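Quick notes on the structure that follows.
We call the chains A, B, C, D, E and F, going by the order they appear; numbering starts again at 1 in every chain.
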Amino acid sequence: MFTKSIKFSSAYIDAVIKNALNEDIGSGDVTTLSLIPESRRSTAVFIVKESCVIAGLPFAKRAFELVDPRVKFSMLHRDGERVKRGSIFARVSGRTGSILAAERVALNLLQRMSGIATMTAEYVKAVRRYKAEITDTRKTVPGLRFFDKYAVRAGGGRNHRFGLFDGILIKDNHIEAAGGVKMAVELMKKNSGRRFKTEVEATNISETKEALSAGADIIMLDNMTPAEMRKAVAVIRSENPKALIEASGGINLKNVQGVAATGVDLISIGALTHSVRAVDVSLEIR
Amino acid sequence: MFTKSIKFSSAYIDAVIKNALNEDIGSGDVTTLSLIPESRRSTAVFIVKESCVIAGLPFAKRAFELVDPRVKFSMLHRDGERVKRGSIFARVSGRTGSILAAERVALNLLQRMSGIATMTAEYVKAVRRYKAEITDTRKTVPGLRFFDKYAVRAGGGRNHRFGLFDGILIKDNHIEAAGGVKMAVELMKKNSGRRFKTEVEATNISETKEALSAGADIIMLDNMTPAEMRKAVAVIRSENPKALIEASGGINLKNVQGVAATGVDLISIGALTHSVRAVDVSLEIR
Amino acid sequence: MFTKSIKFSSAYIDAVIKNALNEDIGSGDVTTLSLIPESRRSTAVFIVKESCVIAGLPFAKRAFELVDPRVKFSMLHRDGERVKRGSIFARVSGRTGSILAAERVALNLLQRMSGIATMTAEYVKAVRRYKAEITDTRKTVPGLRFFDKYAVRAGGGRNHRFGLFDGILIKDNHIEAAGGVKMAVELMKKNSGRRFKTEVEATNISETKEALSAGADIIMLDNMTPAEMRKAVAVIRSENPKALIEASGGINLKNVQGVAATGVDLISIGALTHSVRAVDVSLEIR
Amino acid sequence: MFTKSIKFSSAYIDAVIKNALNEDIGSGDVTTLSLIPESRRSTAVFIVKESCVIAGLPFAKRAFELVDPRVKFSMLHRDGERVKRGSIFARVSGRTGSILAAERVALNLLQRMSGIATMTAEYVKAVRRYKAEITDTRKTVPGLRFFDKYAVRAGGGRNHRFGLFDGILIKDNHIEAAGGVKMAVELMKKNSGRRFKTEVEATNISETKEALSAGADIIMLDNMTPAEMRKAVAVIRSENPKALIEASGGINLKNVQGVAATGVDLISIGALTHSVRAVDVSLEIR
Amino acid sequence: MFTKSIKFSSAYIDAVIKNALNEDIGSGDVTTLSLIPESRRSTAVFIVKESCVIAGLPFAKRAFELVDPRVKFSMLHRDGERVKRGSIFARVSGRTGSILAAERVALNLLQRMSGIATMTAEYVKAVRRYKAEITDTRKTVPGLRFFDKYAVRAGGGRNHRFGLFDGILIKDNHIEAAGGVKMAVELMKKNSGRRFKTEVEATNISETKEALSAGADIIMLDNMTPAEMRKAVAVIRSENPKALIEASGGINLKNVQGVAATGVDLISIGALTHSVRAVDVSLEIR
Amino acid sequence: MFTKSIKFSSAYIDAVIKNALNEDIGSGDVTTLSLIPESRRSTAVFIVKESCVIAGLPFAKRAFELVDPRVKFSMLHRDGERVKRGSIFARVSGRTGSILAAERVALNLLQRMSGIATMTAEYVKAVRRYKAEITDTRKTVPGLRFFDKYAVRAGGGRNHRFGLFDGILIKDNHIEAAGGVKMAVELMKKNSGRRFKTEVEATNISETKEALSAGADIIMLDNMTPAEMRKAVAVIRSENPKALIEASGGINLKNVQGVAATGVDLISIGALTHSVRAVDVSLEIR
């Protein structure tokens, strides 16, 4: 199960959804205002047109509530569940005009979030025989990082740091500015390393060793081949068994199992959130 | 050329980008604050790792400006241009800390928008021998519709209505609520049809004829086979040569040319914005 | 009956009313805080001091709710109804301090909106024997366009486009920039005319003919005399029976019937919203 | 001369104007985007079609700046000046698209504010031989009180309290709740009277005397006839020469001189801001 | 008892508290999300570790409600009451995660506000045998003035003007700019003195006399010794018995009784809000 | 030197300062608007009335800029410097009205922030012969945490976690909910411990040992006597030399040296920000 932290930031979530509703509805739904009588009521069902891991239900629900608090939204499945093609996973009833006003925003959230969850689940499944965990990156859509990362959890993945503020990752630019890996890690441990683990990016074995001996808590193996990774993992495990190892760069569904087999702890995949294929979801009035 | 309407809504654009920066930077970039001296300055270049139609440059520029007005951003290409793999399309110089703070947001915008523009350009190219134009839908990422639709224009596509407020589209739910196509179109013409053209969705020939005789200005052929479409186009052209014809539903790069060959005027593709493959873009400090 | 689209934008409406309450109450109602005991409760009635078409009731209600959700507001009439001088059209009861805090904002909304509805109703009545409909313009009070246009509907008028984004109107400046009416209409039809009807302003018969032959869907007869209008209407009806005709400029209650008699379809009146006479409304504690 | 306090609240003013621009422009000016080339530049002049006291120029200027900082706006007159019919009072030059985007908001502000200033000036002129000053009320348009009150000052009037927070006015409801005028004034002096003068509403001579003997600093003579007012003024002047006297209720241009002749100090007129007749102002591209 | 004006500005209060919650919780409470099961519920009590006058309870309650509307908060004491060391003054129960999320913000509000109320009460007690009242200043924490001033009232103090907008205080800079006290007071009475009492700062007897003869309603004796104050009070009382006298500058708990003994009406103390000692308050889960 | 991260969040800082200005100025500075001519210009100097470590200068500067961009503010000292009683540390010149409008907000920021910096510096000095560093807590004023923590850095202190989102601290409630220290630390390491160090609160030796053996990275010795602390430090150093030790609870200027002498690494002091004594700062027009 993944953690649902919705309670803690409902004002934030409402702001995002209100903004999306406003973007779509603007000065009013011309078609509906002209054609649908105020008093007309409908019931509609959400259907997936393909097997997927569903995600985004509480937010879809919220979209309807924000348009019209009297709309009733019942979930037949929960975020993180795999649902079959053709499944009805939620039902909404109330004023027809309200349902049509929130429809697109709800669908846009569901199709993207379920797309992320489904792809994450494929990666998770691919590495299920290894200890490696699948994790996301900061390559999310501007303004929707909370939603993107929530969907990764729904698909069984883990979240990496949320942003620049809640995790350390020393990359080549930092290393160069600090005057070498050793200096960078020392400076970091002195400045912010008391609260955070220090992660360092390494692109080959020599950098890996340097990071290790500088005292890095986590080593990110960046764009290495599986063979290099295997060697790097061996070096790290022998020198500091507590260090965590992350693989990153150019990993896809075809090669992810090979990466996991190298013994890394974490595999981070930018495509989980930067190249999402929407799940086909529709709302049908019954 | 596509229209750049940035001037008209710079406050809106700034709000989106500030929000994205805030999401990523939060209470501060822990790594950079610890390692990069305040006074250090760098120059970095934006490189594409694959051939693409670039889009989002003015927004990437704005991300740097909003973090630090003294950062200098020069564009070597313009939105809408195709750039080759390995091209440097922009250069940024200023405080290293400022460059690193805005980097991810700028890249996230560029990789998504260039992805949209590039895919749109592929569709446009596929139908270039026909009069059909490629257009987007409302299946955009919540809160980023302006950016998504801008990128479609950069790729040579046309924008469909922005939201529910600036265009009419009568779908099955509206038709049923109004008591038939004829009633729906009449009601629409009476209520809002004075300013807007009336578009009606039809899923077969019989609905196409009904929409036509009701007076629809635009007919959307929804989920028809090319054969059905061809027949529908013939019917429409003979009865109302001024009517506009849009094809929609299940259209992809493989079948789009066949759709265009039926003689439709517009082909709308949800995947342009709901299933974006990010272009691989990176920022390298030199 | 006019369409009440309040549901679709309640966040927007709340923002406007909260802003008005904040403007009036600021750091607190000094008089009431000093004199009215916290626990005191009252019932008060809204009375019109002159016959009018009432408008703004849901918004007046909202003003009280936003100050104090426990205040009870009951409507005895509905927006769009004509009420006689001396009528009690609503009743409010709850904490006296809350009632006094929201009073002025509620009255300011009601007096303006009822003023607009009442004047609109006079114009509508004046042209009731003709097919012409009365419509508003964009000459509204900054920030209150939704409310102004709602009140026009309450008075039996129709709304013209909400803003620059949901309707086309080609004026002299556009024509000149485009290089003539013909060029302007063609350019428009190519760029945005697929979704919108194209309206063109004409100030004399020759311009009217030019607009018609260029393919305008709607002709706005601007500042013509009734005689010219009559001639223009004849020309238009004979050349394009489907074209819509709008009269605009310098129209008032004295001459509006003459304008309607020319056979135009729409008569737009800026004064409906730019020169409102407030209806005298008061709140009396009983 | 009237006080221009614009400097102190420019963020507030910008927020109001941005909101108005957003309301009008929304997702973009369809007509201009389609017809006016990006690079086209124009010069346009503001003309009044009738003699008036001009007001709102700095805000009109700001509307253009907020759309496009490179638009140049030059004032040929200043707020508070009377300008003749046909006068050009300002000139604007820059991108044609920017000018057209801000045009309506600028005009809507100018036409209302000049209307208020002009009407105020008529009242001020009507009482110019008396010491009475013309003042406004809280009967302003929701959200625009600053602008409405600014325009009153531009017309030579004085501002009454801005809202409930910066002035005391004891009305019948307060008196009743407090248990009589004497109790109300005493309670007020004890609670808030240290900073504020205490104004009490009186509708007849007996209430006037009661307010006076309770210690009111200002007596508002509400809805009295000139004869009653004259008597009330005499009573007040003999008992407390320092007390200030305000006349209120049912005062218009026909009877205002008679009211001033009774010797009151202030005459408050709700119609200055609740029933504004817009001045006819236009922008002409040259 | 002090006036609780919470009702009138609940949107403002919510904004302040939401902002504080957001500041503390950001992207989520890492510790609680990792350790506390979603379903776990707790009851916790608020305890004071020292005798104090409690203040801030409604705002602490609101912090919990804003995080989770289902949390139940019961007050066992009320703002303005003195509570003994070790007292339980409120109880909260609901989801453990919600309680922990709002805990710090609630405590930060309570510890500061109770600190202000308690110190105010000490001053009030010190001068209880004199007519002098204790009042606050504008030396409050940026953004929290409402809360600071509320706490002063809870401690038995009076509020001075809220800001620059709701009270007049003529200081040396104003006097110099106006060309002397006499000119300043006259100018003020002419411009804003109709609604407000005019307070003038005086630093010695000669300035006191000048202010008095200029017509000041309130004299602020600034940084005088008790002996000077006594003399100034005598002068003022003999020349204008209605004038109010305020003592200000360098007053602390040791000398406040001496200041009160001089016969002044008001004693303003910046330290009430600029140098607060937090009351030790804690939340204990039971 | 302390890190100045102002660049990264200037929008946030502006929002806080604008809010404070709005709070103080509201509908306008009545005194200044009445007495100070628009055109009058002044130069004023900031003076400290007591020796202190100054902090807040860039924010004071910003307050003036936000009121009037043409005001010139020159710093004669920098944040973090100790300045002597009577020193002029900044000079401001421009429109007198603008200077007076921003004065109080600037002073309120400076007096609080310098108070924090000065008190922090006293603690830092008290422990200067030990390795212990002084750190702040989350006991800050709601909405001003950034400013409070910045001032701690200016005084030579270190910042603890900013909020709940960027650091782990396992307290008794978490331990109990998780079913013991061992379970809590394990759960944490599994869930969030990959990015963050895990800090555990211990109130006695037995809890200290438990936390250590559970694998805590940081042990917070809460409310222990120096004797107990010494023993705890010995235990920790012998079992895990890499573990960090923080002392917390009931520490003040009198006992802080004794605490530092126990060998702890960090000493956290809530009073640095919850019980600030304002430094006496004033602005004098010259």
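To be clear about the criterion, a contact is a pair of C-beta atoms (placed from the backbone, for glycine too) under 8 Å apart; a residue touches a chain by one contact, two chains touch by 3 or more.
Quantities reported herein were computed from a predicted structural model and do not represent experimental measurements.
Visitor: Chains touching chain B and chain C alike, please list them.
Guide: A, D, E, F
Visitor: Looking at B-C, C-E or A-D, which one is a repeat of the A-C interface (more than half the contact pairs shared)?
Guide: The A-C interface is reproduced by C-E.
Visitor: As a quick test, compute the distance in whole Å between the mean CA positions of chain E and chain F.
Guide: Each chain's C-alpha centroid was found; their separation is 23 Å.
Visitor: Express in whole angstrom the distance between the two chain centres, defined as the mean CA positions of chain A and chain F.
Guide: Each chain's C-alpha centroid was found; their separation is 34 Å.
Visitor: Suppose each chain is reduced to the average of its Cα coordinates; what separation in Å results between chain B and chain F?
Guide: Taking the average C-alpha coordinate of chain B and of chain F, the gap between them is 46 Å.
Visitor: If you average the CA atoms of chain D and of chain E, how many Å lie between those two points?
Guide: Spacing between the chain centres: roughly 34 Å.
Visitor: Tell me, which residues of chain C touch at least two other chains?
Guide: 25-30, 33, 101, 146, 162-163, 165-168, 196
Visitor: Based on the touch definition given at the start, go ahead and assign the chain network to line, ring, star, complete or other.
Guide: complete
Visitor: Looking at the complex, which residues from chain B come into contact with chain D?
Guide: Contact set of chain B toward chain D: 3-5, 7-9, 11-12, 146, 162-163, 165-166.
Visitor: Can you check the complex and tell me which residues of chain B touch chain C?
Guide: Residues 160-162, 165-168, 193-197, 199, 218, 244, 266.
Visitor: Using the touch rule from the top, collect the residues of chain B that touch chain A in their complex.
Guide: It is residues 16-17, 19-20, 23-37, 40, 42, 96, 100-101, 104-105, 107-109, 111-112, 115, 138-146, 162-171, 173-174, 176-178, 184, 187-188, 191-192, 196, 270-271, 274-278, 285 of chain B that touch chain A.
Visitor: Mind pulling up the chain B residues that touch chain F in the complex?
Guide: Result: residues 18, 22, 25-30, 33, 38, 66-68, 95, 97-98, 101 of chain B touch chain F.
Visitor: Flag every residue of chain B that touches chain E in the complex, lowest number first.
Guide: For this pair, the touching residues of chain B are 26-27.
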